[in-house]
Structures are given as C-alpha cells and as structure tokens.
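Each of the next two complexes has subunit A plus one more chain, namely subunit B in the first and subunit C in the second.
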Partner chain A sequence: MQVSNMKTISQTSPVAHAQLKSNAKWALVNGINTAVEFGSAEVEQARKKILGVTDVSCLSRYGVKGAQAAKWLAERQVTTPANPNSWSVSDQNTLVLRLGGSEFVLEDQFAGSTCARLASDTNRVPNVYKVPRADAAFILSGSEVLNMLSELCSLDLREKSLGAEEVIMTQIAGISAIVLRQDLNGEQVYRIWCDGTYGPYLWDVMVEIAVELGGGAVGLACYQS
Partner chain B sequence: MTLRTSKQVGEWINRNKKISFKFEGEQFTAFEGDTISSALWAADQKVLGRSFKYHRPRGVLSLANHDVNVLMTDGIDTNIRADVVEVKDGMVLTAVNTTGGVKKDKSSYIDSISPLLPVGFYYKAFHTPRRFFPFWEKVIRNAAGLGIVNFDYPRILKRKQHSHCDVLVIGAGPTGLTAAYEAAQAGLEVTLVDENRQVGGSLTYDRGGETAASKQLNDLLIKVANQSNIKMLTGTYAAGYYPDHLIPVVSEGGINKVRAKTVIVASGAFEQPPVFRYNDLPGVMLGSAAQRLIYRYGVKPFNNGIVVTANDYGYRVALDLLEAGTKVVAVVDLRKGTNTCGAAITLAKRGIKIYAGYCVYEALASSDKSSVRGAVLCEYDNIANVALTKNKLTLECDGIAMSAGWAPAGALLYQAGTGMQFDNSVQQFVPSRLPAGIFAAGKVNGIFDLEQRLQDGKRAANEALRYLGLEAPQITVARPVGQPSDLSCPSHPYPMVPHDKGKNFVDFDEDIQIKDFVNAAKEGFDNIELMKRFTTVGMGPSQGKHSNMNAIRILARIRDLPVEKIGTTTSRPFFHPTPIGHLGGRGFHAHRLTSLHDWHQANGAVFTDIGAWKRAAYYPTNGQTKEQAIQTEAMAVRTAAGIIDGSSFGKIEVHGPDAAEFLERFFTGSYKTQKVGRCRYVMLLDDSGVIADDGIASRLADDLFYLSIGTSNAAAVYREMQRSQQMWQLDIGLVNVTGAFGAINIAGPVARTILSALTDLDLSYESFPISSVRESHVAGVEARLIRVAFVSDVGYELHIPMAHVPHVWNALLEAGKQHGLRPFGSDTQRLLRLEMGHPMPGVDTDGLTNPFEIGADWAIEMNKPYFIGQRSLQILAKRPLRKQLVPFVLAENFKGEMPMDCNLVVDGRAILGRVTSIAYSKFINRCIGFAYVSPAKTAVGSTFEIRTDSGTLVKATVAAAPFIQNQKGA
Partner chain C sequence: MKLLTCPMNGTRPLSEFIFGGEYREGPDQNTCTDAEWAAFVHNRSGAPGDKKEWWYHSPSGTWFIAERNTLTDKVSRTYLLGANNNNSNTAQEASK
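Our next item is the complex of A and B:
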C-alpha cells in the first residue's frame, strides 16, 4: 500500500480555479496553496481601500453542532457567543460563530491552533456532531463594499441593521452564505463563508463587481502582516 | 427654433449649451436638457411619429412618458420615448413604424381604408381557409408596428441592487415632497422616487400664469434638501408592488429593489383627453403637455390655440398659454354655467372668449393631416353627451389643448391589494381600503387642491409614523363632496363627443375609436376584461394610462350601468415597459465545481450541467466524437476499469440514537435492522407517492448513517429532511457534507486490483461484499469505501475530504496505469448504469411516476407504521397500473433511425408510453433502453413500437435486466 502523510498531501484553495487566470503569486498557507498577491503592494492597498476581495479559505476551521455542542466546546475552553446568530472572538483570536442555537463554526486566524486541537478529539459524544468544513472564505474591504453587497444580497447589511456581533445566514449571489461585519486592523470588513464548491463562482462574481467599482482582487498577504 | 419662448423660471434646459442632432435626415438644434420631442416641437416639427395601426401622423400628446406614437430609433436602440428622453448631441434619429419616413409614410393609406379594419377584424378575417393563415400571419406581423429589434444590441450591464428604508415615497410632486419631508423630520430614513428627471411634479409646470408655484417648489426643495435622511431618486419609476413592501424602482442604470417598512403612494394622476373627431392631430395635446412644453423646455405649444376643457384645470392651462405668448382663441368648456374660479375670472378679464356648454365637435386638419388648422365647435348636451350640430361654429387655430379630467396613477395601489371605489364627487377611483403599511396621498387619493395636497402628504406621513409605532397627530383631509355636474369636479363624467365619421380616438396607442367599443359590446364583449382583449384598449405601450378611464366610462354608458359596476382591469407589474436587460441584470448563474475540475479541464473533458454542478460528461481524445468517447470509456469499464468523479453526489450524515427511526420515516425501506457496515437502498417519495430521489444509506455506527444520494436533488432532499425533523423532533443531528466530501467511483473488473495497491483494507468479496461500507485509508487519506454496483458489479465509491480528492484521484490513475484504468464521465455513466439495468430518478421517472410503475415494489416496506408517501401508495396499490417501465432491446444489428429519449411508445394512434433512456452499447453490441409501456406488454419477449422523430416506427422487444452478465465473485 502506498502510504502518504496527510500533512504532505498538497491542497489548494477551493477558490483557486477562478484565480488561476490571474498572475497571482501563490504560497502555502496552512498547507493550502493560496493566492497571496495579485499585484504590487500599492495596487492592492488602493484596491483594498475601495473594494478588496481576499480569499482566506486557507484559514483552519472546525464545525460542530448538536444540543450539547456549546457544552462540549466550553469543556474545551472555547468561549461561545451567548446568543444565537452571533459571533465572538475566543482565545488566540479564533472567531467563534454561533449559527442558530446549536451549531458553531470556529475559524482560527493566522497561527491559531484551536481548530486543530478540537479536530484531534475524535471521540463521538451524544448530541455533539462534527460538521466537516470545506468553506470558501472571503474578506471584503473598502468604501464600496456595501455597494457591491447591495447587488449580491437582499438583506440590509449596513451597520445600522447588521449589529457588530451578529452573524447572518443568507443568500449571496444566489448561494447560501454566512456573513458578518468585523473591525479588522482598524478597518471595517465583511467576512463571507460559503460552500467551497461555490468558491470559484462567488470569487468571479465578486471580483467582477469589485473591478467595476474600482477595486479588485487582493492577496492574502495584505492580511498576514 | 421658431416656437422657443423666453427663459422660464425653473426650466429644465441649459440655454448656454446648444446641441445638434438629426431627425429623419434633417438637422435640428436644441438646448441641453431638451427632450427629443421638445427640441423638434421648438423647431416647429409637428409630425413626430405615426400611429400604430392607421399610420396617422402624431405629435405631442402628454410629454409625460406616454407618447407612444412618438417612438424613435437611433439605429442601435429602438422605441426610444422621444417625449421624455433627453436629446444628445450628434444623435441620428428616425421614427419607428413608418414606411419611407414620418412625413411621407407610404403606409398611411391604411388610414383611408380604416373602415375595413375595425377592431377584431383579423380574428375573423384570416382564420379560414386555414392554408392561407401562414400568409396572413406574415402580412399582419410585418404590418404590426413599433421598432425593429436590434439583435446586435450591445450587452450593457444593468445592475440589480437592493436597498432598504423606513419610508418609500413614490412621487416627488408637492404631496410626495411634503410627505417625505415630514417623515424625515421625524427621523425616519426616507427614499423618494420620481420618474421625472427633476422633482416637483405639477409644481414644475402647472402655474396658472403665475409664479407662486415656482416659489412654493423652491421652498419645498430647500426644506427637503436640508434633510440628509432623504434619498432622492429621480429618473426612477416604481415599477411594481410585491409582498412585504418590496418595490423595484427602475432607472436607466438598473433596478433597485427597495424593501420599505412603509410606503406612501403619491403618484399623482394622468390627465385624460376628451374624445372628439381628430383629437389625435399633431397640435392637439393635453393641457398638462402644453404646460410642460412651456415651463420645462421653454417651448410655445402653438401660436393660436383653443383650450377645450371639462374642468377648471383647462382655465389654468389657458393662462399658462397666454404667459407663453400663445394667442388663446377661445376656451371651450363642456360644462354649462358661469365659471367663477379665479382662472376663469382672470381669463374673462383678459378678454378670452369662453364657450361654456360647448364642445369641440371636430378638429380640422391641414391638407396633409399633419397639423391643426381649426376647430368646429358645437353646443354640448351634457345629459345625452352629444354635440348639438345645428349651429356649428368654426374657429381657426393651430393647436388645441385638452383637459377633461384625471385618472389616478394607482397601479401600485391595485397591485398591493388596495380596495378602490369610484367616488362620484371627484369622478375617480380612490382608495377605500389600504393594506397595512401603505398610504395614498394627493391626486391618487382624489385630492386635487394644492393646499389640500400638501396637507394630505403630511397626513400620510403622520399615518406612516404611527404605523411604525411613533407618535404623530391625526390629520384629516376630506375629499370634496358634491355632484359630478359641479364645476369644481376635477373630472368630467363623460367627455365624449360622438361623430358620424368617427376618428374620435379613445386609445392613441392602438387607434381605437368610440365605435370600436360599441361594436365590441355588440359582439358580446361587454365585460371590461373581455372588451380590453377584443378591442386591445389599454394593451399598447402606455398600458391605458390615457384610455382606460374613458373606456370604462364608454362601457358603462353602453351597458347603462354606473362606472363602479364596470370596475377596472387588472394592474400587474411592471407598471411601465422595462427593458429585458434591466430584468436580466448581471445574470447570476451559481454553479459548483469539484476539486477535480481543473484536472478534468486539463484532460479535455466536455462538461455538462447537472443540478448546480459542472460535471465532466466525457473525455474525447484524438478527435473522437461524443459517441465514440462514451463507447471507449464504457468499454474500459467493462474490460478493465474506470474512475469517475462523483463529488457532486449528495452526501448527508444522520447522527443520533433515532437515526434509523428517522430513515424509516423518511425513506420507503427498512433500516432499523440494517447492520453496521452494510448499505441499503433508499428511495424518497413525496406525499403523493411520486419518486423524488434515491440513493444508498451506509450504516457506519448504530447511531450514524451516511447517505449518498443523487446530484440534482441533494439540496432539496436535505431541506426536506430538515423540515421533517422540525415536525418529528427525533433525537438526531443532520449534517450535510455534500461539499465537504468528494467521491470517486472506481469500477470494472480490475478495480479491486488497482484499489488494493492503495489501501490496507481487505477488498476480497468475502470481506467486503457488495452493499457494504468500510472506513479505512486510501493513498493515505481517510476514506469511506462503499461497495456499489451501479455501473459495474465490481465498483467502489471512495468518499474522502474534498480537498484530498485530487491526491487520491492521481494515485488511482497512477496505480491503474498498467491496468488500463481511465476516467469516464457522467454521460458514460448513464450508458453503464443502463447496461446494468438501473433506472435513474429524474431520467427514467418524471413528476408523476410512482414506485410501482418502475417495479420498485421491493424497495417499499409497506408494513412500517409510517413513511413519507405511504398513504398515497396504499391508495395507488389498489388501482391498476397504467404504465410500467421495462428494459428493452432493439433488433440485433439495428440500422434504422435511432429512437431518442422521450420518443413515444405507440399502438396505432394510441400512446402507450415513452422511451426514457436509450443508447447503443458497444459492449453488448445492441441498442438498449428503458421505456414505459402498457402493463400488458411487460413480459420479456413482448414487443412494442416506438415512433421516432420522423414518424418511423421502430420495433422494440422487452428484455431482462441487467443487460450484461454479472462477473463471478464480483
């Protein structure tokens, strides 16, 4: 039998198909081949200010649901948001999203290890069900982000309607997605997650609109520093 | 620019910027801000277009986006509404719907034979003899007018966006502006839309010869401009009403779907023309159109004009005409009595002759019918509504302004479900019962006095505030109470002037005259909806904005019923014709890609759409045709092995102690007795017993089932599972892992050999028989392996994390290189499963097929207490089958016309069923398929006939499935 080390198996961002046509610079992040630069730093900063679209699918994620999921996470020192459809930041800057009442998505930011720690616990516990995540994930930034989202989503995503701690599950460009608003490094951004198999489609749609509005693709490197 | 006036206060043109353009080959100049019509009218170009049916010359009618006889093309776009579209420098325009130009339209002869072409003539004239109908159809289609579609029209993206507000105010006239201001003052977020380029509504043109309106508008605009919480959208019309206050507003740039908490409709009213002979001549226009020409564009409507009116508004129009320098020859008022309104007194003081109780019996046309040369006046019998023709009076003039009343712009109110009733006092349909959160104000609400309209806007805003839970004082604005005959009534109850020679137009879009309604009623089309369809009144591009009210009045008169008994036709979105490009928007076509997509692409796959997925259908090599590629791939599976990317299959985990119970209720089979490590077939029905989907349930633990189901329905099945769980409240957890797990199916005689090189799992038949599941590693990747026999009796589905699929795929290809392994696509899969004798839901079933019809009785455990569709099956089981799916073969070495999917199974003229799948199998060298036949024809060896597309009958024989022999020890 041919034995491979799981960690050495090459993986690619689920969005990569849509990014291959650009002259992106690629790098392995969390073991996933990811587009880290789409242009010079000046170009990307300029796009980011107007409307930047960044693929952050490579960040580690862990999903769990079930009536005992909150308890299970708490036992593992993960602080969960108290309210349904809200999010918080746990240790190591891990985002903890509570979808509905009993489903959670955790996303480590760069260098976080909470998700890996939770994944290593393979014991099956009643009413705690692991939800394998294979998301395409994006950060949207810039002054025109709401302009773009108004074309993609029928919900009101403005600050006055989408609270700072709220998570919404909605349709973006016709597909199911999770959306939240976040202050990241001093700027307001929107985070979007969708099924990874829709990733290339959503990337194409968002970058097309971003370019029309004066922005464009921004590499992951912009958020790594 | 012979008709250009001096500068008007608040005019919409920029006199500092001259532009030039061409119309029908002639050069014209205009000012920036002119519409095409205003620029042409200023240059004394009166014939701007031709009518739809009779090709009569037409000019300005409304100048309010409803002049549908003045549609133009610039060579790229067509049906450009010249009355409102701003003329641009360098434009080259021609009128649509002419033969040889607008001035000398060769089709104008139709006008002279119009008596032969009454409404409905073509319904009767051309249907027999039937063989001539294609000829007449062509003639009629060629004659039917308006612009020619430009199939090379550039794709110009029109964005479709969403926005939200507390209050949406529709209409930015005085009422709407007031309502918006009042709502904004209370801190609400207001969106104000108006179809005009500039806000102000009637304050921008209805001045009655004074400047007060202009000042009032300025004051109002300053107040509104100071409210930062008012978003003003001009050049934007509210196109329709949808539930929960969703209103698409359309502008040149696209559609904005506004979701409002509350809506104030201050959309105003359309001025209605009186109906008299030749009321369509260029130079005869609505009073409000004349005012728009004057105050918005600085254009004098005519030099010597008559105002024919049936309300006080006409007197204001006359004053505005005087202000523009027009000599008002006379004011002709259908109403009798001395008018004491301010405008009438002023006119009298200025020496304008007023003919009270008179009508325009007919407008007199110039010799080429291109303009007005005079008008014949008669006394008007206001009871019988006829002209008293004994004492005719002819006045010379070059234009006529018409004011007979109003019709509410209430389309959105109707669409929202507003109860409308006819108010005799104002001779108008007004809201009587408004849906929650919707408020009407101003003219659409039957309020016409300006000060009252402002109050009504405030009232509506206050009601909207209270609806949103805020405090606001109650304001009452009463409509006037009186008789239609009162001189204060804004609309005349019957402003029609019959004429023996007709050509008194009710509907300018479709050239419909009074007599057409009479004829329609005689034919029995005396219901408003039927009359609309027979006469086509209101079916033109202006959608009856100037004709429906008069049509209702005429029908009421014909049937001797009050107007309220006639009712109105149905108002549907969109309110105004909207370009397809707007409706299309960006065009989101959501699709899913597997992690192997790039590999498929690099290896020459031809893709097909299955559900939301792009799947590799087949991989042609060396110039292969589709058929050749499929046969090559299928032969590889039969003789060696093949792999297919099955990542698109639906994959769902059912966790929990009640997982088996859930499956028992959800699917038709039995799962409580299923052993861990075994797989069972699942079939999902809907409540009516129709097959919805099927798949495999693999039991991974006592409390964990792993379902793999069809590609197309996966999302719907998961939704239905969630819905069912909401009802059943079992102790389970559902996890949709469709996108998280990919799948590869390796199948064929050497599949086991290839796979064994990549896993420690014992793959022998004894250890891992068909319909069993194992969890192990393949190429170092955690995998769920399922022994399936869908395309081959030696087959393994490998379910692995989506991101690792390329790694396993490549490892399999490498390991299988020496064994002849090759990829195959979904089209090949369909042939392979056909050879195996497996029907596919959605391919071999349709929206009515029950399990008995496909012989799936074996998959149903009827003795269970419950499963979805069980009750329907119990009923269906007692009924005789009407059709049954059978496998069939065509004759050996069949060389005739190949039947296709969906070809009918026939017996003489009787239809017995249809072919659901058919293909040539190279492996067994036979054409094989599935077809529905009558239950009497299902025995193996029975024959039936298939009718091909060309009508040829092909004999087929019922066969036994599978079509291929199972391999020993598979």
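Our next item is the complex of A and C:
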C-alpha cells in the first residue's frame, strides 16, 4: 500500500487494516486506496465463481432522510423506490436504497456521478437532512454464498425469501448491516453495507469462511472491467 | 429462538432488539399536582401484566411500541408510536 505523507494524504478503505497482510495490489479508486487484486486473474475468477468477497467501500455514497427527502430527490431527477425497505437503480448507475419510509442511501456504481452532484447541493431544505455515510461495503458472489450467509445471518436470504427489490436491515456476524440481492453483469451477488469501523472485522470473518468453502478475497478490479 | 416483530422490518430474532423500558403516559405537567408528578417520576408498578414497552430494532434504528404481557411474555401487538398510525402487527408469535 502507498505510504502517505503530508503532501499526498489520501483516504484508505475502512477495510484496509484487515487486508494489509494479504499482499494485495492497491490503487486509488474514487480517491480511496483500495485493494484491487488479491491474486492472478485466473485465481480470482475461480474464487469468484465459488465464493468471492470484494471490498467496494470506495464507491461514492450519499445519505438523506426526512419527511421531504423523497420529494427532494425526485426534484433532482433521482428515481426512488416506492416501497419502504426496497431498492432500485436510478440513472442506470446509482443504487437507491430506501431504508424504512423516509431514509435513503444512494451509491454510485463505477460510472455514476449522482452522489457528487447531490453533495454539491448545500442548500438547506426543511425536513430534509443529510446523513453522513461511512460504510464498509462488500460484494459477495459465487455458488457458496448462501452457505456462508447461513452461518452469519439468522434470516433466510434465499431467492424465494429475499425479493429482488427488497432491502433487509439485519445483523450479519453480530453487527448491523444492510443486505440486498442483485444481478450484476448477469451474475447473482449479495451486497452488504455496515458501519465502516466494523469493516475489518466483517472482512476477516467473511474471508475466513470463504476460504473454508473454497473461495476467498477478490479484488475490486474484477468488477471494474 | 425468541422472535419479535418490528412494524417496519418484520419478524426478527430477539437478539436484534433492545428493550427501552416501559412506555407510560405522564400526567399533564401544567395541571397536575406535585404529588401526581412525583409519583409519575419516581414510582413504577412492578406487578406483572399487560404493559406497553419501548423496543428498538438496532439494525434499522426503529423505535416502536410492543404491548407485552410480562407474566406470560406474550407480545400481542407492535406498532410505531403516532396518532394516525395503522401500521401495527397483532397476534404475534413473539417471545415463544
């Protein structure tokens, strides 16, 4: 990992502390030092098919809540999910999660810019409150992902139980997390967000189980192409 | 596993919840006597029976009311606190 000095301070993924021992290749993504490769492309693709754990904390996020939050987002051309605890895609590149009735988390995917656009709007509006986000975020992929989640979570997260547009706020490995299921590049993956300070812990737990099941850590580069 | 139903998130393991104490409506502080106010502040009824309680679903940050019989540990209803709230869950199999 790059050594920072006073002139080149850059943010580091909240999960980085747990990844330092893995000899990963690091790169700046969205201005955040992120592990982009944990092995050769062949090794990572093989892990990804069985059980891959990827740190995507570097993706830009924006949180907003309040009685007028949905209206405020609609005025800024952000399509929001109609139902509580559901998610949708806005502008093709931004995940919009509706947490409960009146709180939203937006996450730009690799080419998205909605979060930066919203963050630049500093006008204060009654009943609209910005929620600072400091999440650790993960993508779980592969055929064994449900076996891992059954060890970590007491809810049934299989396809027939977790709807395609459903967001679940529950505990994963004992910590509060947001979970959803997504088709990403034709592949079914699970997305997990938790408080960034728990990121290294959750990474260690998930990678340990992934290795037991034949998978392992997968770098962000697998999803950038 | 004990279960409780959050009115926003559905039925979850009790480990996801935090007990927030009994919900009690206080006397009108503008009209009540000092004795009534002191009784509200200092006195609690420990007798078992049907109680309204605050519960907190920690993964989502949702506070809600559960009506629970503290003798049988059966929850009859959970709902968000609010004048026009119809989002209640009744007849739960909670606290099995």
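The rule is simple: the second predicted complex is superposed on the first by the 215 of 225 C-alpha atoms of A that agree within 3 Å, B and C clash if a C-alpha of one lies under 4 Å from a C-alpha of the other, contacts with A are read in each partner's own complex, and residues count from 1 in each chain.
Assume a residue touches a chain if its C-beta (ideal position, glycine included) is under 8 Å from a C-beta of that chain, and two chains touch if they have at least 3 such contacts.
For clarity, every value in this text was computed on a predicted model and none was experimentally measured.
With both structures placed on the common chain, the touch criterion links A:Gly163 to neither subunit B nor subunit C.
Of the two partner chains, subunit C is the only one that A:Gly100 touches; subunit B does not reach it.
The larger set of touched subunit A residues comes from B, when the choice is between subunit B and subunit C. By the touch criterion defined above, A:Gly196 lies against subunit B but remains apart from subunit C after alignment on the C-alpha atoms of chain A. In the superposed model, A:Asn85 lies in contact with subunit C only, and not with subunit B. Judged by the touch definition given at the top, the superposed model places A:Ala177 against subunit C, while subunit B stays out of reach. In the superposed model, A:Val205 lies in contact with subunit B only, and not with subunit C. Looking at the shared chain after the overlay, A:Arg124 reaches subunit B, while subunit C stays out of its contact range.
In the overlay built on the shared chain, the residue A:Arg133 is in contact with subunit B alone; subunit C does not reach it. The intersection of subunit A residues touching subunit B with those touching subunit C, taken from the two complexes, comprises 154-155. Residue ranges on subunit C touching subunit A, taken from their complex, read 1, 8-9, 12-13, 15-16, 57-60, 62. On subunit A, the positions that touch subunit C within their shared complex are 84-85, 99-101, 154-155, 168-171, 176-178. Every residue of subunit B that touches subunit A in the complex is listed here, in rising order: 157, 159-164, 257, 259, 586, 588, 590-595, 597-598, 613, 647, 653, 655-657, 701, 703-704, 731, 733, 735, 737-741, 757-760, 777, 779-782, 801-804, 806-807, 811, 815.
On the subunit A side of its complex with subunit B, the touching residues are 1-6, 9-12, 14, 16-17, 20, 32, 65-66, 124, 126-127, 129-134, 147, 150-151, 153-156, 158, 161, 173-175, 195-201, 205, 208-209, 212.
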